[in-house]
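What follows is a group of structures, each given as structure tokens.
In the two complexes below, chain A is the common chain; its partner is chain B in one and chain C in the other.
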Partner chain A sequence: MIKYIAKRIVQFIPVFLGVTLILFVLQNVVPGDPIKLIAGEKKLDEQTEISLRAAYHLIETDENGEPVFDENGNTIETPMWKRYIQYITGLLHGDLGRSYQQNGKPVAEILAEKYPYTIKLALVAIVIESIIGIAAGMISAIKRYSAWDIGVTTVTSALVAMPAFWFGMLQQLFWGIFLKNVTGGAFYLPISGAGGPHAEFQDWAYYMLPALTLAAVSTAYTARIMRSQLLEVLNQDYIRTARAKGLSRKAVIFRHALKNALIPVVTYIGMDFGGMLAGAILTETVFNWPGVGFETYRAITQRDWPIVLGSVTVIVVVVMVINLVVDVSYAFLDPRIRFDGSKSE
Partner chain B sequence: MKETNTNNFDVAEASEEARTGSGSVRPSRTLWGDAWQRLKRNKLAVIAAIWIIFIVIVAVSADLWVPQHFGSPTEIDSASMKDMSRLPPSPEHPFGTDTLGRDVLCRVIYGARISLSVGVLATAISTIIGLIAGALAAYNGGWWDTLIMRTADIFLAFPYTLFVIAMLAVIGPGIQNVFIAIGVLGWPSIARVFRSAILSVKENDYVDAARAMGASDARIIVRHIFPNSVASVVVYATMNIGGAILTESALSFLGMGVVPPNPSWGIMIQDGQTYLATEPWLMIMPGIAILTTVLAFTLLGDGLRDALDVKMKDA
Partner chain C sequence: MFGLGLKKKNRIDLRDTPVPEGHHLLEVNDLKMYFHTQDGVVKAVNGVSYTLDRGETLGVVGESGSGKSVTSLTIMGLIPMPPGKVEGGDVLYRGKSLLDMSEDELESIRGNDIAMIFQDPMTSLNPVYTIGRQLSEGMRLHKGMSKKDAMARSVELLKMVGIPNAEQRVKEYPHEFSGGMRQRVMIAMALACDPDILIADEPTTALDVTIQAQIIELMQELQQKNGNAIIMITHDLGVVADIADKIMVMYAGQPVEFGTRDEIFYNPIHPYTWGLNRSIPEPAIDEKHPLTPIKGNPPSLVDLPEGCAFAPRCPYATERCRKEMPKVYTTKTGHYSKCHYSADEAFVRANAPETSRTKAQRIVELKGDM
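Take a look at the complex of A and B:
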């Protein structure tokens, strides 16, 4: 077991380096001079430009962060590999660079402001996903081929096949607009933003639609996995034995079958939580939710590359760590697991 | 995700196959022939296939009949724009009109061209790269395998949508770039599927036999391994088309995919977002188009999986 965990962590390192390398290359092949992006329309004098280049590590600097000049008095451009090393070193120290806009605010600080919103939304979504997904899948499996089962299969297929942002807009249309009109404004759910007059985000109603949207596709998958797992477990010999010794169907399902069927479901939900922390760009954009996803989207449209690079890096690392944790705990939960790792989906 | 039903048909067919001897003696009863027989009995898959064929025909033939009835999908008639703006659905305009006075049905039809071409071309790119990478990894093994599969792991470590968005942010929007981004980033899953399919086929005696007879590596791959391991790739690629269509719509919705005035379904939904409260059909119609098309590819993929008897889950 310890060997397995060690192996997974060792595997993690090249993947991490590869991921950051790809991100770094992506950022550096973007057309356009970063200084022009920082300055925008403003015209910079030479002195400011040089100090900006030094501040963003685009040119060589000495220990005090002062620019270094060659014999002709020109600045020396930092080679790509050196910038990559600087970037990785910074990353390991929690330094993600500085935004091209927002007065050069550190990216780590910006992300720290946005992440709580994404995490809270993801938590609500995971609760919805677990409750509805597991319940729907269970009933589907227990009442196989019933109208309920067919209904669940149909709904889950449809949810998986529609764009998440479109589903979100349908929710806005129904809960926000249709219900408001029908009840004369007595009951409806807010369709955008992050809550309350002071955006202090205490109002539970603001979570409902974004969380529902974020959870939709995953709930469908959870229900499907739950259904197929439970059906598979119910076919096992030990279930027949339990029934044969006189246990009621209910007792068999809840005491024997469910525990085993839940393992892959819990794994899926765990991985999915990692995915949700990736900041749902689409959901957050549709609902103007001030999380990491929306911030990344905003940064892309405004070419604020350090934020894009920083947030994608953090997201990828978070997802990778959560997957690692899930994989390892899966190994703990399920003694039958073989340690060759690969798993479909 | 749906479990494969081992129904009576399969059993009957298997025993029939056993009676008549192996398929290679009678070329008329190949794996694909069997699969076709089974696929025809799957009602959902047949409906899905018919729907896909219908969309393809409508999209391909659009230039012949759509402009006469519904006008151009992109051009704006500035003279009549004001009177034509955001009309509700009516017999003349079954899906209504958009803000710039263009017929929504017309744009949905032309949008099918974009979605289908992205779905098919991006999947083709992913499949070709994935097939080559998977074949190299599985057939050569050793450090080839390690290198290719570790690279695949790196690609798969990214949240997919975010990766495509980041890629497009760098190479810029536009339909060609959408093909490239979705296509290039989609290869690792196909490489994995193909690799494991090859690994299981490679162990068969007929591969050893071919090698003993002096067949070259290329010949063994092309003539023996490929035909026997491609079924899972066909299933995966079919489902992937639906996924690519969804991704394209998301990219266009965010303004990073197809560029206006081209009628992408994602762009139409984004346009409709502003008028959600007053003219909801602007976003409902293209959404239904995405839903039905993606669903059709998924159901067809499910049907093919059952028909070709491909195991997609680890059970």
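Take a look at the complex of A and C:
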């Protein structure tokens, strides 16, 4: 097991280098000069421009960070490969670079501010997804073709087909505006922001709509996977064996069927959690949620490349780690999985 | 969190009640199990009757789809209803109807008084639990054993079915066992609560020949020790010839002939049984006497012929067979057959295949000539 985990971590290295390289190149091939971007409408004097370029490692500098000039008195542009190496070296020291905006605030600092919001939202969403998704799927499978089953199947089909941002807006309309009008302002939910000391609502209220929106599609998928898996498992010969032993239907479902049916569901939920930690750009943007997703969206629209690059780098690491945790958790559910690289049968 | 249901209110204990006067251990009377499907009503079991006593072995033979397994699953109450529906008849265990019992009562019979070994050992064990846990389950449920006692008994059971290193193996998972080993585990599981009746549904079909013999011997040994009854479902006449006291031959959901082993093998009176007899390979005189298969296929159970179900494939079928459903003809010894002509001794004598006994004589003569 330890050997397997070590092997997987070693495999992270090429993936990590590949992703950062692609992003770094993309960032550099899109047109536009970052320094002009920082300046905006203002005209920079030559001295400021040179010191900015030096600060963002765009031109060659000496050990003290002072720009180096060639024989004609011009600055020397740092080649891209050299800047990539500088970037990776920085990464290994926890330096993700600095924002082109926000007064050149370090990217690591910005992400550290935003990540807690994303993590908290993802946790709430994953709890909703696991509880409602698994329960709905189980009821649907156990009471197959009943009104419950038809209800669950219909609702999940609708949710799967709905884009997250549209579902989010519908929720804002219903919970935030319609309900407020109908109850005369007595009851409604906040439709944007994440709360705080001076907010109108208590903090939990702010989680409701974004978490529901974020969980909606995944809950529908979880319910559908759970339903089909449980139905499949209930048809297996070993379920008949358990019944033949004299176990009650309930004991058979909870003891024999559930564990087998959960294996693919756990995989899906785990992967999905990884995705949510990557920041839900659509949901966070619709609800003005101050997480990494919203920050990434903002950075993309404003060409704040260091933030885009930095958040994607962090996301890559998070997703890889979550996937590893999911794979390792297999072994606890399915004894046939052994980490010598094969599934024995 | 989810217990085994040990505190069940409606447990019944029939094991120690003696079989009532005039009853057998197990009586199946004119049992009919139909499946209501979109294509129509499948008459999977259509009037099966037999009796079984302690220490006896009943062999049930027939082609695939003749209703052998469904009969046993009906006795166990393991047919999902719907689509299945009991359309008539009864199953009495120690004089008490299994079909009238509540689900709770049935659960206390299943695995305890009547246990079943299933056909496919590769898929009949739960892959995510250890062998020991799966073996213990029934004993903890029915005998109220502690986890530790049940585990100790599981080790004993594994030893009994000939699994070496049982103390270690009990902690392993099904995928770590071979097919033959898993079938032994299935047998151990069925025997865990010393059942009165052991139903074995083609227990050796999935196994290779050397293992087959071992498994059958094992079941016989245990029967001698425990005195339980066995229902052996198979399409292998060789297996029933070895161990059955009584044999029921099934065709298209109906028993076509029922009798003692000797009656079925030496004095069969139904043309279908003759056909089965003729298709037993005869190693000694292979070249001169090729196997005679029964031509054609069994009828669809949704759309049975008007008269005798076997008539379309029967070489002796007459107009009467095609029009009129034959009645059961029973001899003095209880040997019965569902054929218009079984009572006609001349017809039987003229058309029955030579029996093993006469065959054996002829082989001896044949070999003497050479």
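Note that the second predicted complex is superposed on the first by the 319 of 345 C-alpha atoms of A that agree within 3 Å, B and C clash if a C-alpha of one lies under 4 Å from a C-alpha of the other, contacts with A are read in each partner's own complex, and residues count from 1 in each chain.
The criterion applied here is as follows: a residue touches a chain if its C-beta (ideal position, glycine included) is under 8 Å from a C-beta of that chain, and two chains touch if they have at least 3 such contacts.
Nothing here was measured: the structure is a model prediction, and the numbers come from that model.
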Have a look at chain B and chain C on chain A after the superposition and call it: clash or fit.
fit
Touching A:158, do we find chain B (first), chain C (second), both, or neither?
first
Looking at the overlay, what does A:173 touch: chain B (first), chain C (second), both, or neither?
first
Quick check on the superposed pair: does A:255 touch chain B, chain C, both, or neither? Answer first, second, both or neither.
second
Between chain B (first) and chain C (second), which, if any, makes contact with A:134: first, second, both or neither?
neither
Determine, under the contact definition given at the top, whether A:29 touches first (chain B), second (chain C), both, or neither.
first
The chain contacting more residues of chain A, comparing chain B with chain C, is B
What angle, in steps of 10 degrees, lies at chain A between chain B and chain C when each chain is taken as its C-alpha centre?
70
Which partner chains sit in contact with A:238 here, chain B, chain C, both or neither? Use first/second/both/neither.
second
Please state the minimum Cα-Cα separation between chain B and chain C in the superposed model, rounded to the nearest whole Å.
9
Do any residues of chain A touch both chain B and chain C, and if so, which are they?
344-345
Residues of chain C that touch chain A when the two form their complex:
1-5, 8, 76, 78, 103-104, 107-112, 115-116, 118, 120, 123-130, 137-138, 141-142, 173, 175, 186, 189
So in the complex, the part of chain B that touches chain A is made up of which residues?
1-3, 150-151, 153-154, 157-159, 161-162, 165-167, 169-170, 196, 242, 246, 249-250, 253-256, 266, 269, 272-273, 276-277, 280, 283-284, 287, 290-291, 294-295, 298-299, 312-315
Under the definition above, what is the set of chain A residues touching chain C in their complex?
236-238, 240-251, 254-256, 259-260, 333-336, 344-345
Of chain A, residues touching chain B in the complex
11, 14-15, 18-19, 22-23, 26-27, 29-30, 153, 157-158, 160-166, 169-170, 172-173, 177, 221, 224-225, 228, 231-232, 275, 278-279, 281-282, 285-286, 296-297, 300-301, 308, 312, 315-316, 319-320, 342-345
